[in-house]
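After this come two complexes, each holding chain A, first together with chain B and then together with chain C.
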Partner chain A sequence: MNFSLISLEIAVVILALGVLLGDLWTPAQHKRKLGYAAAAGLLLIFIFSIFARKELFPSGGTEILADYAFGKMFVVDGLATFFKQFFILAALFVIIMAAEFADRIKTGIAEFYSLILMALAGMLFASSANDFVLVFVALELITITFYILNSFQRNRISSLEAGIKYLILGAVSTAFFVFGLAFVFGISGTTNFSELHSLLSTNPVLGTQPLFLAGLFFIFVGLAFKLAAFPMQVWAPDVYQGSPAPATAFLAVGSKAAGIVLLLRVLFIAVPQVALEWTNLLIGIAAITILYGNLCAIPQRNLKRLMGYSSIANAGYLLLGFAALTRTGSSAVLYYLAGYLFTVIAAFTVIVLVTRQQDSDDITVLAGLGRRSPFLAAALTLAMVSLAGIPPLAGFFGKFLLLKAVVEQGASNTAYYVLVGVAIAGVVMSLYYYFGVIRAIYWSRDPNDLSPIAISIPTRLSLGVCMAGMLYLGVNPEPAIQLTKAAVKVLNIGI
Partner chain B sequence: MTKYILTYIICCPLLAALILLFIPRNFRFVIRNLALLATAISALFALKMFFFDFTTGFPGRQLQHKVEWIGSLGINYHVAVDGLNVGLILMGAIVAFAAAAVSREINKYEKEFYVLLLVMTGGILGAFASYDLFFFYFFHELALVPTFIMIGLWGRGENKNYATFQITIYLSLGALLALVGLIALYLQLPPDSRTFNIAELTNYFSKNPMNVNAQNLIFPLLLFGFGILVSLWPFHTWAPLGYGSAPTATAMLHAGVLKKFGLYGLIRIALPLMPEAAQSWLHIIAVLCLGNIVYVGWVAMRQRDLNMLIGNSSVAHMGFCFLGIASLSLIGITGTVVVMVAHGFLAALSFALSGYIREQTNTLDMNKMSGLLRPMPFVGATLVMAAMAGCGLPGFANFAGEMMVLFGSWKGAFHTSGAAINWIVVAAVWGALVIGALYMLRAVRNILHGPVSAEFANVKDAGSRSIHGFAWWPKLPYVLLVGALLLFGFAPRLLTDKIKPSVDVLLDTAFGKPIQESATAQVAVEKP
Partner chain C sequence: MNVGLEHYLIVSTILFCLGLWGVIVRRNLLIIYMSLELMLNAANLALVAFSRYNNKMDGQVIVFFIITVAAAEVAVGLALIVALYRKKQSAHVEDLTTMKL
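What follows is the complex of A and B.
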């Protein structure tokens, strides 16, 4: 039993418990600063994870390595390490954001921090899951934590509404997942990904059994909920709008990425033989998700709701990489996610700061931001420009890699060209609403509030890192490309 | 110095933009003059490159600078010039300087304006110099996005917001279509030798011609993608309104320089890599360019707003470029490149003048203006010259280019073997020249002649002592642009001697001997 493999998870859980305990001895006026302590702890864990990665890949990721624990339920490989670092970084930013948000949470800010860390622990387990049972446990850890996080502003009806909606749809998706899992287990007799993969390669007939396929499809639907992808996308706008902004940000980045890593593991490690037959299904779902997200985002006037629809659209772009059914596509997905992390965190951090005085998420709160705080205005502008996919930012290069992966497959199935067309139509539509946000920042007439916005140093740092990250990933993509390529080596699909 | 001169030309404005970011916004004098200095240095480097460093008559790439960027995808920073882009870079650098010089009208967010202007300049020059498909696109977007922001922030007119969104969405769509085409092009290579390098791509496809089906898929993507960027009829509607709403400098840079990017892309990439598709699509290009020249020319005649007139006429001029490309002949394509350079100077000059007139009179309605030649003799005279250049009067560079395009297409129309343009198209274009002369002369009559109305009696000429202090400096941008038009009008060989060998090689690799021979014969006739 190799406990060093789950050292990151253990550290995060200890940190979460530490924050809860620390709450007991912290005077009320300093509770907010617990967040900075938690962020510092996460930073240490992140630095530790870099060394842990070096240990796993002594020669820089050229080899395929995987260490198993708990009877092959738990795996640490390139994919897992990539996502673990991703999640820790995301949680780090979100906790800093939560500390900025603290004054709007009446009681229990320490629990808020601690719950974010618990969700993080779930995500870390999810990234290492090599067994449907562990997938289920990790998913529940994440989802149940988010039920609480989403309804944390108990004094606001909209927050409670968001929590309930997430609860109901989350329960439905869990039901789908378990239902599908029962089918898969019933037909194949195993829940382990490695065993499932070898079963499918020795016994190809298994991959054609209708019940088995139906089970996999239900599992896919259950995971689509996490991604906010069609057909489980309806919750996103309402929940994004109602939840406290840090929870929304973590939902947009962490929870979505958890869905991505699980989908990668299920589709391309456990059942690649089946996934390769699902070309048209994946193309269709990606296309519908892109269109739905972008079309619905156009008339939105609420910033968080807009981000909710934009998140659906981005789930669609991420599915482009899945639809390509190649490792190039999957590595593009990882690259896009990395850029998405910095972009979305920057956007939500600015939203948290701007909406602090006014109790409104309407797009008009941005009026005059260009003069109130050029720094925040620049951060939000960069985020929107990156989301719109304009060079030289991360979002452009991510979309470039995704489109390239899809066009590459065009020769095998003409539906891919349709998908490219849909993706382009989506990008053009998205320009309208992303530029609408930029317009609200700089162009709006007679803003009524021109008071400067105070920004704390940790927030300033985290925004600075996000902006640097967006620019760096766009201007010098090579190191990140190598990283994502190393991460997807474990997938059992073609290059 | 000479070795990295292209990088200097591109990086000078970009570097200045970076420095400007750190200068406090109330140092207006420093900000403006730094921007002027950077564009001036860039223009001087471009002049040096054009007249001294460039080896005339050598058809291949020169003055190369290559740095590896993303090894795993075969993307490199690779800049070089040959006959096709050397003139465009010179034109871009001069227009950028002129644009910075006439930007006195900007009075809010000056710092941001000059930063964007410099980024746009760097992007434009980089796009023309790049020999790497990825950077080619990357630099173009770098120039395109500031355009949108500048129109949105500093634009004018009540349709400003609509124009901003229209131009953003239209041009982004075009750029994305072209991007998909470029990616598809890249993926036509076998996986182990994939590269974004244009020279290597050209080499590869000249040895292993691309599958005709693939050509017929990719060529329209590039044609319509680039076509939208160049305002190919019927995708031109963004142009007049966008230019009408844009601040002067943006309109100058976009209409003058950036718009030529699409044409350059077609000549540089689409023609040599996909010759079969080019031949089968040339009829469509020929018909569409008729839309530009005849239909948009007709529309231009109905305009009452000077900016809309110039915008429409600039769309109409693009038709000549497409016609030259469709002729697939040495003289036609050489002419296209000359028109691109000439029209760059001309469009910039026209927008600079209309910007100045608007600043002085607060209107661009041609029915309201009259007799302006008397209060502003310099600007008026320059406007007459711009109008004459626009009609294609001999002595201006436009004449040389348009003449060559028409000869090329006439020859192409009676080409017996292979593809040919319908002679009706060519005849229509000859006829349409009259339309151009008509609206230009009418504009001159309305604006400059007639009695001076009382409200315009006090408008000031550019460089008049009462508003500018000293006389020659505000006239410089206009003089430079007119001077360039005249220089290349009287000595077009400065351009054609550089362009022709490169076009020759390009057609040779694409189409082999048959078209090539007849084209050389044609040129032999043309040589004085």
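What follows is the complex of A and C.
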């Protein structure tokens, strides 16, 4: 077997264990620096992954290639490499954020870094999963790690509450996933995605068996939990509000993207024949998720809770690309995710820095930020403008590509036009609450405390990269679009 | 009476629904947690039954994975519930209302 295929996973696990070991010999006052060491390690792994990708795709990703390992359970293809780089980048930013957050975690900051890396290992496995069993194990590696990350501030009741709410709903969704897996395995006799796909094409009757379809729907419900999409979206606001901010950020970016890549693999690699029959279901779920997220976000006054509802709304926008059932739609999903990464990381990094002095996440802590730190104010403003979908930022172009993919399919099903209408209504609603945040930054009554906010150099760098990323993806989208188009070539659906 | 695959599946579905019902209506965290385990075991029963009647061992192997993961989940979950009990002297969901709209 070719062990170089799982080199990234091995490297991340070794780094996680190394951080744990390093904790033993690090004096208490330097523990925070372990985070910077872990971030440096991740940066090396990211650079290595770029070279590994070059080796896999000598001609720049135009060819369809897939390398299998572990009896075809594990696959390395364009989609996997795209998501692996995405996850490593996300974890890199989150660890820098966690180092900034270190003073608010009483004990075990090294474990916090290490758990983030473990969750990253789960995400890397998830992006390569080609078998329901590996999907299950990777998913649980992510979910169980997040139970701990979410309740890491044990001295705060809200953090414990967030952890327990996530635990119960996460376990329910796991049970749904496993129950669905039992039926899919029982009826088709296989759990491998490639085998399932060929079984469905040689034997179309399988795709109409009610138990098989019920099993797939249960699996869909289990994965919808990761995305925070309807019908498993209720946990998001509470958990986002209560968890430590770096854990929330990783939940919003990493965990959601893991759900996306698994959904892409299950729906469009394993059972594309069934997915094509589910047009109306996907349209309905996308529309409900968009409306739920945007309507509930309007009255929110807590920044992290607002981000929770915004995350539900964004899960809805991402589902637009799934509902289109084309590779154009899927590549738009990938593009949107890339923009979302920079946007959400920038927003949460600013939240971590601003809430350091005041122990509150209320939107009023932003008052006077425009004068206290113009840099942070600019970063948060850019993030909100991008989330709201104003040109020329990444969020605008992502939404444009998603809507374009849906409109292109409009001829086949008029429900698509309704979906586009709902999505545009959602975007208009979201303008209100995103601009509420911007108003709090620049046009609210100044507080007494106008002291400037200290920002460490790594955080300044990561914020700078995020802002550059948002602008670059919006102004010059062509290279990223080529990248996402190459990544979705492996999907078994039409262009 | 001959016990066939469908009987196992019906029992497994009943167990799953009972577990889900318990999660929804019970108010004690430990009971909710037991109901969650019931849901996972319903899936295990279905997998073993399918495995036996399809003459494929894969299902039984998957059950081992599920049992292992469930054990890890219980370890973390009970630790969380104990931490909450230390803080609030209660393991009832009514007390988990710090965060509301």
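Please note the rule applied: the second predicted complex is superposed on the first by the 495 of 495 C-alpha atoms of A that agree within 3 Å, B and C clash if a C-alpha of one lies under 4 Å from a C-alpha of the other, contacts with A are read in each partner's own complex, and residues count from 1 in each chain.
Assume contacts are C-beta pairs under 8 Å (C-beta built on N, C-alpha and C of every residue); 3 or more make two chains touch, one makes a residue touch a chain.
Note that the structure is a prediction, hence the values are computed from the model and not measured.
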item: Which superposed partner A:V178 touches (first chain B, second chain C, both, neither); value: second
item: Partner chain(s) touched by A:L160 [first = chain B, second = chain C, both, neither]; value: second
item: First (chain B), second (chain C), both or neither touched by A:F435; value: first
item: Chain B versus chain C as contact partner of A:K485, first or second or both or neither; value: first
item: Touching partner for A:G410 - first (chain B), second (chain C), both, neither; value: first
item: First, second, both or neither for A:W443, with chain B first and chain C second; value: first
item: Touched partner set for A:F46, first chain B, second chain C, both or neither; value: neither
item: Touched chain A residues, chain B compared with chain C; value: C
item: Which of chain B and chain C A:I390 touches, first, second, both or neither; value: first
item: Chain B versus chain C as contact partner of A:I144, first or second or both or neither; value: second
item: Overlap of chain C and chain B interfaces on chain A (superposed complexes); value: none
item: Contacting residues of chain B [partner chain A, same complex]; value: 69-73, 137-138, 141-142, 145, 148-149, 152-153, 161, 164-165, 168-169, 172-173, 176-177, 179-180, 183-184, 186-187
item: Chain A residues touching chain C - in the complex, by the definition given at the top; value: 133, 136-137, 140, 144, 147-148, 151, 154, 157-158, 160-165, 167-168, 171-172, 174-175, 178-179, 181-183, 185-186, 189-191, 237-238, 241-242, 296, 299, 305
item: List of chain A residues in touch with chain B within their complex; value: 385, 390-392, 396, 400, 403-404, 407-408, 410, 420, 424, 427-428, 431-432, 435, 438-439, 442-443, 477-478, 481-482, 485
item: Chain C - residues contacting chain A, complex; value: 12, 16, 19-20, 23, 29, 32-33, 36, 39-40, 42-44, 46-47, 49-50, 54, 56, 58-59, 61-62, 65-66, 69, 72-73, 76-77, 80-81, 83-84, 87-88, 96, 98-99, 101
